[in-house]
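Some structures to go through are shown next.
Both complexes shown next keep chain A, but they swap its partner, so chain B is in the first and chain C is in the second.
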Partner chain A sequence: MSTVIAPGITIEGEITSDEDLQIGGTVRGKLTSKDAVAIDAGAVVEADVQASSLTIGGHLVGNSQVAERVDLLAGARVIGNVKAARITIAEGAQFKGNVDMDV
Partner chain B sequence: MAPMTQAYETTIGPRTRLRGRLHGDGDVSMEGQLEGNVTLGGKLTIQEGGSVKGEASASDVVVAGELEGPVRSDGALHVAATGRVNGVVRVTALSLEDGARFHGEVHASFDLPAELAEKVATAGAPGAPAARR
Partner chain C sequence: MAEATVIGAGTRIRGRIHGDGDLVVDGFVEGDVKVNGEVQVGASGLVAASIEGARISVRGAVRGDLSATVSIHLEEGARVVGAIRAPRVSVASGALYRGVLHTAAPGEVVPVIAGSTPVQAAKPQAAPARPAPAVAPKAFVAPPAPVRPAAVTVAVAAPPPPPASAPAIDDVAESDADGENDGTMPAMRRGARGQVAKKKN
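And then the complex of A and B:
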């Protein structure tokens, strides 16, 4: 069971989810998931994000608060603060913001 | 993660709630809850258990769950046996399965058969459904 937002689809508002979320389209607003969130290459997310884990290949503008791990893949572009227990930033990812690993 | 080339369709899962606006091209399968408006170039399917509270506009609309709000479509609205629709419906075709629940108005625009169209035109029968185009 999961939610998929395909390229070409835009959601403006609030998303609240208890299942995996895959985003290929555009999301503006607020995104809260108790599960994994994936922002695919080509996707645009302008939202504050809460998730158990977050994988970013696309664009994210907003702060994220993640229980487990955040992975910025090559091609990712992130502007915002990231709070997570673990974070990886691949070569080729762009990132502007603060990292808080809660140490 | 799915490769970018993979064609995938939008599905709002049963444990997802949206508040706001959902729009764009392509089809959407709604298994979760949406409070707000949907405007789609493609087909909107509200699955059993899914619900939309707000305006819905799509090329075609299929409701097996719940839809509360006005519906506008250049295509058809189909309400499945498990479906429930409450609102004003402007479509070119409407079908209700046995068991479907519908409450509201229907504004369907379609051509009447020639002999009926003539009757309506000459009689202008009060209460007769007007042929709208």
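And then the complex of A and C:
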């Protein structure tokens, strides 16, 4: 079973996981997963994120380092640097930061 | 909350979890948990911190105090070391528990655990002439042969026996709340109970 942080729940600290993370609530601190991380619309993540892939529909403040791909959905709001092999940014996503795609 | 928060078996959290909604812990949580819904610690779950919620049910391991506004259930397979406080408490056969247990009548206000260790109210029986301090300092006062208060002390399903070297006044429920006999004074260990979250399991 994967890990779900539901809306209304706040985690302050460090999350380390070997499995999928789905975040609908609030996370402050540090977030590390060996699998996919999804930040849903309405979620607030103030953390540095490491993941194999990252999908963002909510708010992310922090740097992210992703092995495969990062998808910023419409409605996403990201402040921070993104390092990933591939990045997609949907129209309507807000983004402020550096992008590093290992060109 | 339509959706419960789930800490999966492959996930570790070091930090506080709080908010509205239910919580299922199948992974590892090292940090206080405080939600206003139901908390379930699954068979593979491990919580090294205090838990507060409306209802708490444990099948896994908890090292820390449990406090619920409605009920606490220790299911078969549960391993819990710490104080328990709730209006309704059940301990199933096959659950292991060590600690001070407080239940209350329905509707009765259950005080928050923190800083209200009932043992501190006990007066030294052997030295009645010495006035007991009104508020026992947390770490240093160790009254000789303290009388246990009316608090129920439960040791279900034969927890490991205390070592023979344990002092006579040693109290399994209280002084071993941190799960180890390190030779410190019982009162000091009692004072250290709030730090169990730092210990690894």
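Note that in this section the second predicted complex is superposed on the first by the 103 of 103 C-alpha atoms of A that agree within 3 Å, B and C clash if a C-alpha of one lies under 4 Å from a C-alpha of the other, contacts with A are read in each partner's own complex, and residues count from 1 in each chain.
Convention: a contact is a pair of C-beta atoms (placed from the backbone, for glycine too) under 8 Å apart; a residue touches a chain by one contact, two chains touch by 3 or more.
Here the structure is a predicted model, which is why all the values come from computation and not from measurement.
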Simultaneous placement of chain C and chain B on chain A, clash or fit: clash
First (chain B), second (chain C), both or neither touched by A:41: first
First (chain B), second (chain C), both or neither touched by A:55: first
Partner chain in contact with A:94 - chain B first, chain C second, else both or neither: neither
Which superposed partner A:24 touches (first chain B, second chain C, both, neither): both
Which partner, chain B or chain C, touches more chain A residues: B
Common interface residues of chain A - those touching chain B in one complex and chain C in the other: 1-21, 24-26, 29
Chain C to chain A touching residues, read off their complex: 1, 3-23, 26-27, 31, 35
Touching residues on chain A, where the partner in the complex is chain C: 1-21, 24-26, 29
Interface residues, chain A side, partner chain B - complex: 1-22, 24-26, 29, 38, 40-42, 55, 57, 73
Residues of chain B that touch chain A when the two form their complex: 1-2, 4, 8-26, 28, 32, 36
